[in-house]
Structure formats: C-alpha cells, structure tokens
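Given below, in the form of structure tokens, are the structures.
What follows is subunit A paired twice: with subunit B in the first complex and subunit C in the second.
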Partner chain A sequence: MLSVDLFANAIVAGLLLGGFYAAVSIGLAITFGQLDIVNIAHPAFVVAGSYAAYILNSEFGLDPVLIGLLMAPLFFFVGIAIYRVYYAAFERTGQESLSGLAFFFGLMFIIEVLLIMAYGVDYRLVSAPYIGQSIDIGFVGLPYRMLVPFGVAAALTAGIYLYLSRTFMGRAILAVAQDRLALQLMGADPVKIKQFAFGLAIATTAIAGSLLIIIGPVEPSLGRQYIGRAFAIVVLGGMGSIPGMAIAALLIGVVETMVATFMGPSWSPAVSFGVLLLTLALRPSGLFGRK
Partner chain B sequence: MIKRRSFMRATLASGVIALAAASGALVSFAAQAAEPIKIGFSMALTGGLAGAGKAALIAMEIWRDDINKKAGLLGRPVQFVYYDDATNPATVPGIYTKLLDVDKVDLVVSSYGTNEIAPAMPIIMRKKLVFPSLFGLAVNDQFNYNRYFQIMPAGPVPKIDWSRGFFQLAAEQNPKPKTVAIIAADAEFALNAAAGARANAKKMGFKIIYDKTFPPSTTDYTPIVRAIQATGAEVIYVASYPPQSVGIVKAAHEVGLKAKMLGGCLVGLQFAAIQQNLGPLLDNIVNYDFWVPAPTLNFPGIEEFLKKYQEAAKGKGVDPLGHYLPPYAYAYLEVLGQAVEATKSLDQSKLAAYMHKTTFKTVVGDVKFGKNGEWATTRVLQVQFRNIKPDNLEQFAQVGSRVVLYPKQWKSGDIVYPYAK
Partner chain C sequence: MKGRAFWLSMVAALVAGLLLTHFIDNDYYFNALYVILQGTVMAVAWNILGGFTGYVNFGSAGFFAVGAYTSIALGKAFGQDFPLPIMIMAAALVCGLIGLGLGYLTLRLKGVYFSIATLAMAIVFETLMNNWAYVGGARGAYILTPDSHLWFNSYIEMLFVLMLLLTLGSIAISRALNASRLGRGLAAIRDDEVAAECAGVPTLKLKLISATIMGAMMGVAGAPYPYFVTFVDPASAFSLFVAVNAIAMPMIGGTAHWIGPVIGALLVGTAQQVITVTVSSELNVLFVGIMLVVFISMAPQGIVGLVQKFRARRAR
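Our next item is the complex of A and B:
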C-alpha cells in the first residue's frame, strides 16, 4: 500500500491539519504558555467563534473567514472582561491555581449551555464556494476545506509572532511571562499587559472557530475534543513559544495523518501523544522551551 | 315528643356523618384517579447526541399530550420524570437509580442510542422492569433480558440485519463487485454495525481488503479516504456518527473516490441540517434509514405526527423535518401505552407478556417484537440519495430525493450503480 503519491498526500494533509491545530492552539500558547493561566475554556471559545461564523454566514452569506476577522475585536473585549473578573476574583488573592481552574471549567460549561439555549443542539454548518472543492498539484490533492484554514492559520501565527517580537506591547507580554516584578520596576502595569494578552488570545478563537466550522459541523460541546490536543501542542512546543507551538502543531498533524494512512486511524491519538511523552522525556521543556 | 326530637337529631347526625364519609371516599377516589402515572427516563439533552435526544423528547411530549387529551392511561394523567445524561454513559446508572428509588416512577423507557441504553440494563434487570428502548443496536445480545423491547426496526439479528440490505444490493450488481472496505468509529454502536458488516460481507462472498476503526475525535478524513482509495476497494461500508459522516462524505468528494458503492451506516445523513448542507455531495450514496417520504411507507398517523413535530420543533434548534428518530420516539411510547391500556395494569410481568404476543399499531406501522425484544422482522431500509439540489431543505420532505432500494416489500425504486460516475 506504500506509494509515493499516498505518502506525499499524507504529508501534505498532515501539514494542512497541523495548520488548523496551530490556529486552535495559538491563543492557548499565550494564556497558558505565557500568562500561566490554565484557560480550559479556550476550545469552548473556539466553538463560540464557530457559532458566530454560522450565524452571520446563514443570515448574510458572509465568508466564514471574513466573519472570524470581523468578530476578533469583539472577542478581544470579551477576553479583557473575563480577565478582569479572573484577576479580581482569583489572581489578586493568589487563588488562581485551583480556583482559577474551576472558574474556567465553569466558564466552559456556561458557554456550552448558552449556545444550547440560544441555538439548540443540532449540528451547524456553513456554506462557502470552496467547501467540498479541491485543487490537484501533480498527484497531491489539496482540499480547499483544509487549505483555507491552513493559509489563515499561517498568517495568524506569523502575525502574532511578529507582533509579540517586534512591538512594545508584544515584548511587554513576553516580559510579563518571564519576570513580572522586573516589569513593574520599569513602570509597566503587569495586570494591564496580561489583560491585553488575554484579550488577544481570546480574539484568536474567533478566527480559529471560523476555521473549525469550515472543516466540519459543530455542536456546542465539540470544544471538549480539542482540550487535550491544544494543551498537548502548547506543552510540546515549549510553553509560550509561538514558533514552537506552530512546529508542534504541524508535527502532531503529520504524525496523526501518517499513522491514519499507513497504520490505521485508531492509532493516531496514541502515537501523537506518544510523541509528546517521548519529547518531554528527552527534553522536558518542550521543543522550543527555555530550560 | 322529646323522644321523637332525639330520634330526629340522631337521624340527622348519622345522615351528616354518612354524607361526610361518602364525600370523603369520593375525594379520596378522585385524588387517586388524578395521581399521575410517572414515566421515567434519561435523555441526551446536551453533548454529542443531544441533537437527536432533544428531537426525541419533543416527540415523546407530543405523545404525552395526545394521551392526556384522551384521559391519560388507566384514567390517570401521564407525567414524565427525566434527567439529562449529557451523552455520558457514566451518568446513566445513577439517573435510573434515582428515578426508581427517589422519584418512584411507575414505568421506565430508555435514553437514545446504544451507548446510553446499555449502562441502564443492569439496574432495569435487577428491578425486573419492562424496558422499551430507543435505537439501541444489539444491546440485548449480551444481556438476553426478556423484558427488553427495542423500537428501532433492526430485526431479530440486529448486527446482521442492519447491513444485510447494503451487501445484498452490492451482490446483486452485474458484474458483482469483489472487494470491500469497512471503516468504523471507535464507539459501541459503530463497532456493532461493523461486526455485522464483516459477517455479511464474508457470507456473501466479498473479500474484505480494508478493515479499520478511527477515533470519533478525528478532524480530517481525507487521509482515511485516500488510504481506502489506495486499496482499490469497490464497496465501502462506513459506520460513523454525524460529524464523522459529514467529514467522510466531503473527503470522498474531495479525493474523487472511485468506489462503486459508498454508504451503509452513516449516521447523520438522515438529519435535515446535514442533508441541506451536503446537498449534491450525497448523490448516489446508499445508506440506512428508517422512514422517508415514500408511497410504500405512508403509515396511518405518520403525517399527522410529523406536522405536530415540525410545528413543535420550530425555533428549538433540532431537526426541522424529524423523519429519522422522532416517529420512533413517539412509537415506543405508543407501544407502552397500548400495553398498559390492554392489560389495565402497571404490572411489569403482565406488560411484558402482552408486549411479546401483540402486534402494535403505531405511526411507524405495525410493530411486532421477537423473542429477544427486537423487531420480529427487519425493516432497516437502504435508501439512495438522488439528484439532490444544493441548499434546498424542502426536497427532503418530498418523495424522490431518497429512493428506497431495500427491503423489497418497501422498495420505491432501483439502485443507480456505480456510485462514482
């Protein structure tokens, strides 16, 4: 069964899948990796982003990716509001470790229930001219349903990386992750910086959500499927490293796809999590993590 | 005179006492008559199966309202006591324990789906209750419980009957295809369906050249479809849940699948929202179903029920057409209600005996249970999508978009073969 075209298609499909995983995980790389906030509700926000795409796509026929971009500022402010509550209730009093986790668990369920109450539990899908079509380059097939999310995810990852590494606010976010006290001594307000960073992370979920619903149907509890995978990618990449997260996402995508193609799809999660465990055993700080 | 006056007083007093006693008895009788019959169940109202679970609940409530308009069961109103099992099998035993020990329900019925029914069985069996169940595939194969009654028309040998029609249709083609691929989700229902498909494929002389499972959380199905394509399998049997079914159908189109037959057990292709979204991608897929608009399946009461359901479903985010599960959710309560009325009892042994020997008239047609509580005769339809237009929901409510190919008794057209043009 091993043939060059099957191998090449599996690699390409894995890269496309990995690109989508990067879009889902990039916000978590900021909150969990850089801000030390275990936002377990992150995938639920992604699903909320999918519902935003569904509503505006079915009402006005807008392209899901465009909707994701339009909704990102709204999600940004929602993220800021959530961080304010989290900070006031838990972080300020030093109870963020366990109580904060419970807070985000609760938030995840609230998002799910709100979506159920508002839109029911039926599967929701979007229409776009490219969904269901594909382009062939030689013997490699590229479904637009995966290619578009890959392109958007690549642009999103590059944009976030450049923002964090080239702007004052971006560097401040990286600084708050490394040494909060030093930042305070330099006259910057770590809370405001963390608040901005959390808003940025939630803004990415609007875009990731629009990509999720391009790939397949969504229902309110779908986000739970991505909790383990997204956290694994962030840890594998090396907590807080955006390039590391992107490479880890591509690696998980390629491993899953290769295993699905040549061994059997039921082995995919075991092998990809095996890769995570092996990497952490050899390099506990992840692929690009600081020692 | 005094004696006469005393006699009059005594008579009056005894009359008042007698009247009071009589009225007390009447009040007591009325109270007993008004005491509802409680039917308890768990249902997937959140989580992955909630789309179907909520639709089932709407249908069940229509039955409850219908029966209460006709003075209820045994002259008592029917009341539901139910809890959301969140599509989590682990919650089911606790729910039924509470229903029986705390809520003291009179009758129980199952949640929706194999994975949610099986965990309730040990509790139901311990209490020796009649258990009408909703869409469990081969659950009783392992329990052999004689008070289990399954409304899905899988047939007496559910695992085998489920896919018999699909492979029989493949075997009837000329030239007969030789190779089969089986792909199933890693979940109890899909694995049962795949086991039956395996047996049917072997029995009918096909060679299985691909036989794998996949995790339900899979995001992209193109690698799986490409791997199957690489084997050159002519007939592809898929057992999957709705999100996976959508992924597989889209991937088949994107990869340009060359198979001669595709389908079998794609759950979700019966749901209106998914049908509308997939549109022409569904063309020529042969898949199981239980009811479609066809002259052969126009049972008494089904149209009236669907009208009520479609009205009730508006704005609730559930399947707007309700062809797949809702009629059967209504029917399993019809069966239970008819048994209670006929035996004039809530005695579980009497109900079970009656349900075993009777042919019930329901909105899904005549229902007769076999020894194992499955339908005595299979009615798993194999239907083929034909000439589907994009983004058009109405077409699925009309005759012709889904043609019944099997069983012959219910057939409404001939197969278009092969799947790939």
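Our next item is the complex of A and C:
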C-alpha cells in the first residue's frame, strides 16, 4: 500500500540525502567536468576525510563539521601534490587516458588498504550533540544527522558556484576547461590553474567526508558505492555544470530513497549505476549539458 | 616468439603441470598455483581490450563473478555433478554477451565512459546477486564438490590442470589476436582512433569483438571458482582485489605485447603468494596497489617495455 506519510517522508529524506550527495559530487564536477581528469579516487578521499573527522572527534571531541573545515586546507595541499605527480607522469606525455585512469584506480586502492591496515574493517562513527535528535513537522520527521549535512552541503555548493562564476581564479578554472590554448595565449599558465582547481576539489572531500560520517558509520570500502553515485550525478548533471550537478544530486537522492523505501534498501546501490548506464546509453551529454 | 617455439613451450608447460600432479602430494601448492593461473587468465583477458585497444575495464570482478554465479545457478538447477566444461562454456556465453552489450552501449563514447560503465556494471550485478535468493543472495552459497576427480589424486589437482588448460588456451587466443589483422586494427585504435577510422578500420566492430572476447574469457576464469573455494558470496566474488589484479598484472608486465600480461601475472601472482604466506594478506593487497602506481608512473610500458629499451641500448 502506498501511504501518503510514507511517501512524503521518502521525498523529504531523499532531498536531504541528495543535498549531501551534492557535497560528495562537487569536487568531481570540478575534476572530471572541468579539468577532464577522471579522478576515480575521489570517493576514497571522501572516506579519508571521514576518518580524519573520526580521529579528531574521538581524540579531542571537536565538532565533525569544524574538523572538515580545518582539514580542508591540508587536503588542498595533498590534492596539489597528487596533481603534480599526475601532470608529470601522464598529462605532459599525453598518456592520461589509459595510464591516468589506472593511476587513480591504484590510488583509490592504496587509500582503502591503508585505512584497513590502520583501523580495520569495523564501522567507525562520530559523536556530536545533534546526532540522534530530530524535529517533526506534521508527519514528516527531519533528523539532524541529515539536516546538518544538507545545510553544510548547500552552503558548500553555493560557495563553489559563486567562486567559480564571480572571482578571477574561478573564471580562470572555467576558462581552462573551455579553451586551454586561448588561456595560454592570454598569458596565464593552465597547469598552475588546473593544479589549484584540483587542490580545491580534493579540499571539498574533507568537508564531504565529515558529512558522510555524521550521516552514518563509515568503513574503508564505503567509498566504492559513491564512485557510481558521484559519476552518475556529474554525468547526469551535464559534466561540470554546478547547478545541473545539484539538481541531479537531488534527483538521485530521491529516486534512491524511493527504491529503498518501496523495494528494500538492498536494491538502492543499483539505482545510481542504473541511471549512469542509461544516461551514457541514451543521452551522454546529461540532462543539462550542451549537445 | 616463433610459432614452433611457442607451441613447444605450451606443451612443455602442460607436461610440467601433469608431472607436478604426479609427484607432489601437498594440496597447498595446487591451491597457490590455481590462484596464480586464474590471475593469468584474467590478466590476459583484460589485456585484449585494455592493452591492445586502450579501453580500461574496471569491472573485471563483475565478469569474473557472473561467470562464477553461472556455474552456481547451473549447479543448483541440474545438480552438482553437472559437467564443469559445459558450465565453463555457459559462463563464456553469458559474460561474452555482457561484454558485447556493455560495449554496444558505451564503446561509441570516449574511453572514460566505458571505464566508468564497467564499474557500474559490476555494482549492478553485485546488487542483483545480493537479491537473488536462488543462488544464495547476500548470505552466499555453499557448493559441494563432486566425488569424482577423474584419474587425479584429488579434486584440487584436477581443477589445477583444468585451469592450466584454460590459461594456455587464453594465451594462445591472445597471441593469435595480437598477430592477426584484427590485432593490427586494435593497435591502430589504441594509437589514434580517429586516424584508424579514417583509414578504413571498422573501429566499433573491432572494439565490440574484443570486448566480447574479454568478457567471455573472464567468465571462463570465474566458472570453476565456486568449486575451488566451495563457498561464494557476492562480497568475495565481486572483490575489488580481482579487478585490481586484472589491471595491475598487465600494466606491470607490459600491455602492448601478448607476453606482457603473462609475465606480469606470473611475477605478481607468485609474489602475492609468497607475501601472503610469509608476511600478511593485507600487505600483499597493498603491495599490488603500490606496484601498480609505481609502474604506471615510472615505466608505463611495463617490464616488456623495459626489456625492449635495454635491448635497444645494447644494440647501439
């Protein structure tokens, strides 16, 4: 039976989840959508961010969101370092298609195994006063562990969108995606800009990771489920369009929650991958992409 | 390798394998050799699309597991004594069709999309198997090995010889492809797809053929797996480790030549067995990941490339 309150709860929960998905995907929208770097290790960095939040939270009792913000600069420099290796080994020699992909795949694998070796395969979680609380509006329940990530993710998405469209550096990142040669002729160094943008994308994973562990417990291989989600969202959103990505994230969140509510949670991992396969087969430019 | 030398070494490998079953009684060695050979088939299969054509498949574990689950489903339907060779052929058919279908959907796009789609394919099938109670669902399935093991001393010895035959067969197919007109077409696609298309190479058709062969070969590698481990659940069959090995072995050995994945698989596979026994299985997993990253950043042509470079320098 399809009951109204179950349906309404699923829609609201889906929107909240989708908002969080936007935070996971926004970095990939920059690397994959704008820079044309297929960073398969992106979700692994998100999980690494979760573990950073777990460590600092259990050691010092800091708020997870605060930890995310504190870790972001560190992740930024890690991102820059990785881009330097990637550029020197693959992009400069024009081998990014085959070897670059395998490079990030290996990187993802290494991050996962290191986390397993250090912390085991147990689920880890954080504690914060708002986790476990919820507010009820009518028959719809809004748990804070979903509301807080949604709010932070919305702020992050809006911030990145404004940064890319309003500031000089942000526009330079968009320009490097559109026409690398023209940018070079204008006297800017595309490699420096890409390096900065890649650092920015990895910095967002520190925040996304802290949100991930607020929503629920995290274990090292959790990132794999997010590979499909993040890529589905970025492709569906039209490769690099931030508003398109946000709408696609909400859409995937709602569809996934619907499937989990009415068919059972064991089916929900297939949703985003199914959407991804369908998008690639039917409309590879995404919902909002240019033809 | 010249034709006759190649076939002689194939026969020699088979004879050596048969002699091993005659003189060694410790089942551990056959277990270890089976794992190494299984990795070799996967690496050779991956290389047919990944190395010859340049399209990276991240979903090797998906093909492998679907092959394994084909055997489980047939075993449930027709009883445990259903002949293994027919299961292997069925797995080849199913996985070949999946490779063809996936290729048809995504090989017309940029290579990146194919790679992501293979990842997606693996997760979709894992979800299906998690929800398919007939083959055990998320709880997994126990497989009883048949009583008969032909004239071998134990069942594992028979499986080992079977896997040896499959390995030699896949190497022969890969070598024949590499040297054929089809193989030259694939190499042209890898080097410059647009130029190949302009020169009259039917790129989509060739890519579809190699995707089908790759899928079928991975299914073949997975089909005897349930009888090897006797317990299969989706988490172990779709293990990322299978996928990483299938990429790492050819990348480390060298992707352009058919011998590359064989060398890589034998080296990495043996090293893994040694590390698992002497140190720990987690370190063994980390070892593969680091080897992969180091090799693709420092020696993108793999061991074969290093040897060729060394020879060229000595010739000068």
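Keep in mind that, in the parts below, the second predicted complex is superposed on the first by the 267 of 291 C-alpha atoms of A that agree within 3 Å, B and C clash if a C-alpha of one lies under 4 Å from a C-alpha of the other, contacts with A are read in each partner's own complex, and residues count from 1 in each chain.
Convention: a residue touches a chain if its C-beta (ideal position, glycine included) is under 8 Å from a C-beta of that chain, and two chains touch if they have at least 3 such contacts.
In this text the structure is predicted, and so the values were computed from the model without any measurement.
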First (subunit B), second (subunit C), both or neither touched by A:99: second
After superposition on the shared chain, which partner residues are touched by A:231: those of subunit B (first), subunit C (second), both, or neither? second
Could you look at A:61 and tell me whether it touches subunit B, subunit C, both or neither (first, second, both, neither)? neither
Looking at the overlay, what does A:266 touch: subunit B (first), subunit C (second), both, or neither? both
Should A:89 be classified as contacting the first partner (subunit B), the second (subunit C), both, or neither? second
Thinking of the overlay built on chain A, is A:20 touched by subunit B (first), by subunit C (second), by both, or by neither? first
Once the shared chain is lined up, is A:159 touching subunit B (first), subunit C (second), both, or neither of them? neither
Please work out whether A:73 is in contact with subunit B alone, subunit C alone, both, or neither, and reply first, second, both or neither. neither
Subunit A residues touched by both subunit B and subunit C? 112-113, 116, 221, 225, 264, 266, 269
Could you please specify the touching residues of subunit C with respect to subunit A in the complex? 50, 54, 56, 58, 105-106, 109, 111-113, 115-117, 119-121, 123-124, 126-128, 130-131, 138, 240, 244, 247-248, 251, 255, 282-283, 285-286, 288-290, 292-293, 296-298, 300
Could you please specify the touching residues of subunit B with respect to subunit A in the complex? 45-48, 50-51, 53-54, 87, 186, 212-215, 217-220, 222-224, 226-227, 230-231, 242-243, 246-247, 250-251, 253-256, 268, 271, 273-274, 277, 281, 316-319, 391
Seen from subunit A, its contact residues with subunit B in the complex are 1, 3, 6, 9-10, 13-14, 16-17, 20-21, 112-113, 116, 119-125, 127, 131-134, 141, 143, 145-146, 215-217, 219-222, 225, 229, 257, 260-262, 264-266, 268-269
Could you list, by residue number, the parts of subunit A that touch subunit C in their complex? 38, 40, 85, 89-90, 93, 95, 97-99, 101-103, 105-107, 109-110, 112-114, 116-117, 221, 224-225, 227-228, 231-232, 235, 264, 266-267, 269-270, 273-274, 276-277, 280-281, 284
